[in-house]
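By written order: A, B, C, D and E. Residues from 1 in each chain.
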Amino acid sequence: MQVNERKPLIVAFCCNWCSYAGADLAGNNRLSYPADVKIIKVPCSCRVNPMFILRAFQRGADGVILCGCHPGDCHYTSGNYYTRRRMALLFSMLDYLGIEKERTRVEWVSAAEGAKFAATMNDFAQTVAALGENKRLEDLRCKK
Amino acid sequence: MQRIGVFVCWCGSNIAGTVDVQAVSEALKNEPGVVFSANYQYMCSQAGQNMIIDAVKEHNLTGIVVCSCSPRMHEATFRKTAATAGLNPYMVEIANIREQCSWVHKDMLTGTEKAIILGKAAVAKVNLNTPLVAGETPVTKRALVIGGGIAGIQTALDIAEAGFPVDIVETKPTIGGKMAQLDKTFPTLDCAACILTPKMVDVAQNENIRIFSYSEVTEVKGFVGNFDVTVKKKARYVNEDICTGCGACVEKCPMKKVPNEFNLGMDNRSAIYIPFAQAVPKVATIDPNHCNMLKNGRCGVCSKVCAAGAIDYKQQDEYIQEKYGAIVVATGFNPISMDKFDEYAYNQSKDVITSLEFERLTNAAGPTAGKLLRPSDLKHPHTIVFVQCVGSRCASCAEKGKEYCSKICCMYTAKHAMLTRDKYPDTEVYVFYIDVRTPGKSFDEFYRRAVEEYGVHYIKGMVGKVFPEGDKLKVQASDLLNNKQLHIDADLVVLAAAIEPDKSARPLATMLTASMDTNDFFTEAHPKLRPVESPTAGVFLSGTCQGPKDIPETVSQASAAAAKVVSLLVKDKLKGNPCVASSDELMCNGCSSCERVCPYGAITYEDKEFRMPNRTVAIRRVAKVNPAVCQGCGCCTVVCPSGAMDLRGFANRQIIAEVDAICK
Amino acid sequence: MQKITRDLLVEKAVSLLENGTVDMVLGWKKGEFDYDITPAVFADADSLKDFVFDDFCGANFSKYLISNTKKTASKVLVFLKPCDTYSFNQLLTEHRFDREKVYAVGIPCDGMVDIHKIRAISGEGIAKIECGEKITVSTIYDETVNIEKADVLAERCVTCKSKKHVAYDELLGEDGEVLESARFDEVEKLENMTADERFEFWQGELSRCIRCNACRDVCPACTCEKCVFDNPASPVENKAAANSFEEKMFHIIRAFHVAGRCTDCGECSRVCPQHIPLHLLNRKFIKDIDNFYGEYQAGEEVGSRAPLVNYTTEDLEPGEAVEGR
Amino acid sequence: MNNKLKNTRDEIVRISGVNPKKCMKCGKCTATCPAFDEMEYHPHQFVAMVENGDIQPLLESESLYRCLSCFACVDRCPRGVEPAKLVEAVRLTVIRQKGGNHLKTDDIPALLDENIPQQALVSALRKYAK
Amino acid sequence: MYRISTQSLNTLFEEISRVCTLYIPSENKKGDSVYTRYETGVEYSNKLNTVRSPKDFFFPQMENLMEFKTEGKTVQLIDIREETEDFVVFGVRPCDVKSFEVLDNVFLNEPVDTYYKNRREHGVIISLACNRPAETCFCGTFGIDAAKPEGDVSAWMTEGYLHLKPNTEKGEKLVSAISGILEECDDTAVTALQENINNIMKKLPLANVTTEKFGGGKTEEFFNAPEWAALSESCLGCGTCTFVCPTCQCYDIKDFNTGKGVIRYRCWDSCMYSEFTKMAHGNNRLSQKERFRQRFMHKLVYYPENNNGLFSCVGCGRCLAKCPISMNIVKVMKTLGGKDNG
């Protein structure tokens, strides 16, 4: 039973080649995960600009997750290696600013890992729901 | 301002079962830019597509949003529909309300709510879409086949037959692969050499085919239609063009104690060698690890006996660069190592062998000249135990075996058992199996013949352990149907080792940027609809590099891959992916960050003149993207601080519009 | 050691102007008071009479080279303190100006002072400041205050990372060493706080931001033709700190954009009218980069590959980056 | 399967941590088992019987105590089913059903051997009864 | 005239804040003085200048003007103006008081800016004479008397006492509301202080900067002056001077899409910014020199031309203290005004 009635809002950026396909596979296998997770397709996890993540938080997202191919499996060879560095630094910075570190996550999900995709989203949604509303990166104007 | 049409698909009940499609199309009607919204049972059907085409015409639509299944399924379909209706195909966006909505959510309310939001995001994106036109690139009309086994041979022959030049790169000194090592082939029992070697000769004689044997691919650059490949021809210390393959050197070579890999180490070869009699190319190769001349400069016999003067101890590795339009991967398989299976005493007894070794033992060209003799004492074995699924279907420990079924073992074991009983009726043959899997034309009949006509003992159960005692192998096994534990004194134990992709496949996949599954088998672009293509454009899959398969299946896939290659190579020009990066020169500050992260070298810099205030001119260094080389990953867009670099089709503004729509 | 004085620098500038090596000099120009110097271009020996060099000459000239190298017919003379040389190299790495158009004279530096710190001690109404190891401030109210220079050193000089010049054509005086500095102490202090305390801290600091953009405009790493926050076509453009989110967005993204490129010159914090410790954002990235990917000093050598345009297959996972605290 | 049986089955599955559904019935456990001849029910049967809820015969079977816990079956099982852990779980179930006693005092007279020293009897009770 | 002991300053603040919201200058953690909403515990700071000027109270950096809500295809306009309550700002320096005159000319003349007007009507200014002007002060240049602050209530801090003198109706009302804690007094102490201040003002380093050369009608003379190039040479193009300036009044109107509607807001803009007054054809001032020139020409020539000779600078000295490169209006006036100036 979820005590908190409020539904968290989660934005998931999925790379076209692995994770978006993984999400499709989760669908094919009817593996359910919360509807709070909304997927945005990007060609590669390295397409995700930190600005997109902050923007999502500004607009009221409670959690942002990036999914890409496993390191070494990037369709574009090296994209996810750059993602890994960028997000390591960005997440560390957000943590430094006192933003709850559980609100951001990077997960490597291959096209074959439908089950992992669903499990990841279930877990992330639960974690984010437990944190409650994102108050530290919100823009009050969007809250009304 | 766009004029957007929204089309919500029911997908029968697949979507409509969990999503109120009517509510979705109603809700999206009110989104900015939307002038038309409808829903229909099957948008992908002809009628559905016609509905889109009609709506485009009637409502002067400039953009289309289809709320349906995954874009991976039907994005291409709807883009074509848009093109038919006279729209730019990139004015279409798909909201995935099936795989990512109706199929994963249970109740109507949740599903509908989410579908509306996904629809809104797609509308928000289309509002910012711009027509994109794909660039064209010429196609290099030459194919590369990596691997010279039966898969590679068949693919190369078929491509060459269609009139295109093909190069085969094979790491071994000869083509032929695993099939060359086999004795007979199931289910017809014709001899492998008899059907393979003529094809090898065809390859050698085909004017369109070049063979790079004893070679490997070291670098792959470029993209579909325009691959730049570097092939390393390893030094074989024999001039291929001169060597006649007479074998005089092989005969005279004093170093004769080199384990013969062709016979899986069951006999020896010389340091200079030709792997087998029908090798193609039939050229000698010096094994530098064992040749005394190369190791310490003392010998030189082969050079003296070579009438053609083909021996060249100073030969160096040679790097060949070639352009290709398409690449076929046919890297094949190997049996897995039996080292971890202590219970079968593979490392303790020479008489525990793998099935491939058994092939060599029964092969007329093998170490025993085709007589079935056990390796330890060369005596005729009277009791033979075959163990199935050694390392296959093994989910418990990844370091030991493989989770998948190796597919070919049931059939070749039946073949081995049958042939043994046929040639040596005095031999008792036991086959321990978990299941006997024989789907395939004439396969089950074949297996039943082994049991019914040849009297092979098929026992449902597994061998638990094998241990040598005296000159016997004690086999302890279960007979599940009789609920018994069996103890058999065997002379020979044959293990049906699981097969795994060749070790060279992983680094090759990285070079090709082709994806692999967790077992290192190449992934196909679509498991059903595009089984011979890799998701990486221009890379095709042939044979067991994609998954376990037998010879007939390999050959059909090889031909299928060839057909795909041919249909690519007949094109003079390829339409590229229009979703590529592009740099706004006015904003670019020339910092080179994008150039450094581009995996394709698609970004270069040039000095460009700019008109500045008051009629002055400034020269600035700015980035330029080669749209034919760019693959559209977008890595450069994030390192560009000014946002000068953006990705067409996935522009910053578009993605942010999606974020905004979702976070409303 | 040769004492670097104003006269020595002017002498150098005059000789280089006269022998035609350079046709303009980037230098510090005297202001109304003893502390308000302005970076200026001096085109002839005569104009150099207003040239000053003292403990208030903090301004980093590297960024001015971008525009001035485009104007010169021969070369620009620039005086570079050790910390400025890192910015100089970083700009060269990013092809922001033509090295051939610059004559760089390295000058040693024993730290610049912060007028804000002096004023906090002396009070308002400063009439005269005499520099030296001891700083004497006299006010218009006929008060005189003696201050230890060490007490009023600019923050970036207190934690000076290097007295070594990494680029110059000519060096006046002696070169120093790369220093063991305590510049990450403050960052560490923050890291050791709880997330709530950190949030409280940064909320307090960043909410003062008035988005005057001084930090960005002075930053030698911020050399975009058009900043993403100024570009109306960019989805994040905004002109003023319209909401508490906006400042966070601006400062996080700005720090991210200069991550791996920031040489830690400290100009951002120096110019902030609200005294926001912006260097603590940049230093966090520098510290993380050092920890995660090995020590890296931007601008140490021209052409080095910045950590964010580089990777190894063994890099740590983003989850690990924030774990363990 | 009635509810009680199902509960017992679930309990065994829970305490063993074994998922009997993973078994592909290859029989390698039984092929490996050194105590095969001593057992009425063999490792693969244990797995199948637990899965089928055929628990009662197992609870009553001497086979439980013939298992050497050598873990050969665990080691060899290609699917990671771990039959020995299942056997142990069934043993535990028996003990639990006896209220934590390996032996009930009432059972003792029938098992008595005249040569057993009194002291051994007392210490056995201490050790095996609750 | 009234007075209250400086020891009882907090009593005064408590009393005023009982009547309405009160803002006083207080020192923040960084040692800067900023206007802070008074509540018990907030300490008054008598530093000369606050970082941001009191113009913020009437013309805030960001202000929501209206909101649009969309419902289907209809757009609804919502006035989201908040009714401003009365408030008091204490300790406004004479220069800053003068700045309201500059702003009023812009915002209260037709067409009246009702947002600004509303705030002006609700705000009560208690000014404060400058006992200790700084070296950066040059209010005298613009005819401002640091000893005679204007505003709704004038205040002086003499030895031991704060003196208050209401000047306007609003001021009278406030003083009478708190009269319980005030005592009536004569102006002897204040006159002595004023004399003292006037003496100091004469000694200030910038005392003789004059506006003689500037004012309306000087456009031709200065617009193409060659000096602009050198003056603007090192200008970073940041907005520090603009945003700390009490008289700068430029703003931009922008829309913010919240996803649920659009908020139209205005925020400060700076003529130093490259995107300032960008129009369909692009920007009309392309170089920093032109932008720099605009700012000072506006303050010294264009504004007085349109406002009866009133200069759009009050000599508060904030830009002198805050400019990252120490370029400022005084340097501009001295350079363009010739050698005699200063």
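By our rule, a contact is a pair of C-beta atoms (placed from the backbone, for glycine too) under 8 Å apart; a residue touches a chain by one contact, two chains touch by 3 or more.
Source: prediction; values computed, not measured.
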{"item": "Neighbouring chains shared between chain A and chain E, ordered by label", "value": "B, C"}
{"item": "Most centrally placed chain - per-chain CA mean versus overall CA mean", "value": "A"}
{"item": "A-C compared against B-E, more contacting pairs", "value": "A-C"}
{"item": "Chain whose Cα centroid lies at the greatest distance from that of chain C", "value": "D"}
{"item": "Chain whose average C-alpha position is farthest from chain E's own", "value": "D"}
{"item": "Between chain D and chain A, distance of the C-alpha-averaged centres to the nearest whole Å", "value": "47"}
{"item": "Geometric centre distance via CA averages, chain E-chain D, whole Å", "value": "89"}
{"item": "Distance between chain centroids, defined by C-alpha means - chain B, chain C (Å)", "value": "54"}
{"item": "Distance from the mean Cα position of chain E to that of chain C, given in whole angstrom", "value": "30"}
{"item": "Multi-chain contact sites of chain A, meaning residues that touch two or more partners", "value": "50-51, 55, 59-60, 72, 78, 82, 86, 139, 141-142"}
{"item": "Contacts with 2+ other chains: residues of chain E", "value": "256, 259-260"}
{"item": "Chain-chain contacts as defined at top", "value": "A-B, A-C, A-E, B-C, B-D, B-E, C-E"}
{"item": "Chain D residues within the chain B interface of the complex", "value": "22, 24-33, 36-37, 42, 44-45, 72, 76-81"}
{"item": "Residues on chain B engaged by chain A in the complex (per definition of touch)", "value": "70-72, 96, 98-101, 103-106, 110-111, 113-114, 117-118, 121, 510, 513, 515-518, 523, 535-536, 579, 597, 599-600, 631-635, 637-639, 647, 650, 652, 655-656, 658-660, 662-664"}
{"item": "Contact footprint of chain A on chain C as seen in their complex", "value": "187, 190-191, 195-203, 228, 235-236, 243-246, 248-249, 252-253, 255-256, 259, 281, 284-285, 288-289, 292-293, 307-313, 315-322, 325"}
{"item": "Contacting residues of chain A [partner chain C, same complex]", "value": "50-51, 54-55, 58, 71-72, 78, 81-82, 84-101, 104-106, 136-141"}
{"item": "Of all residues in chain E, those that touch chain C in their complex", "value": "28-32, 47-48, 51-52, 61-62, 132-136, 200, 203-206, 230, 233-234, 236-240, 242-244, 252, 254, 256, 265, 267-270, 273-275, 278, 320, 322, 324-328, 330-331, 334"}
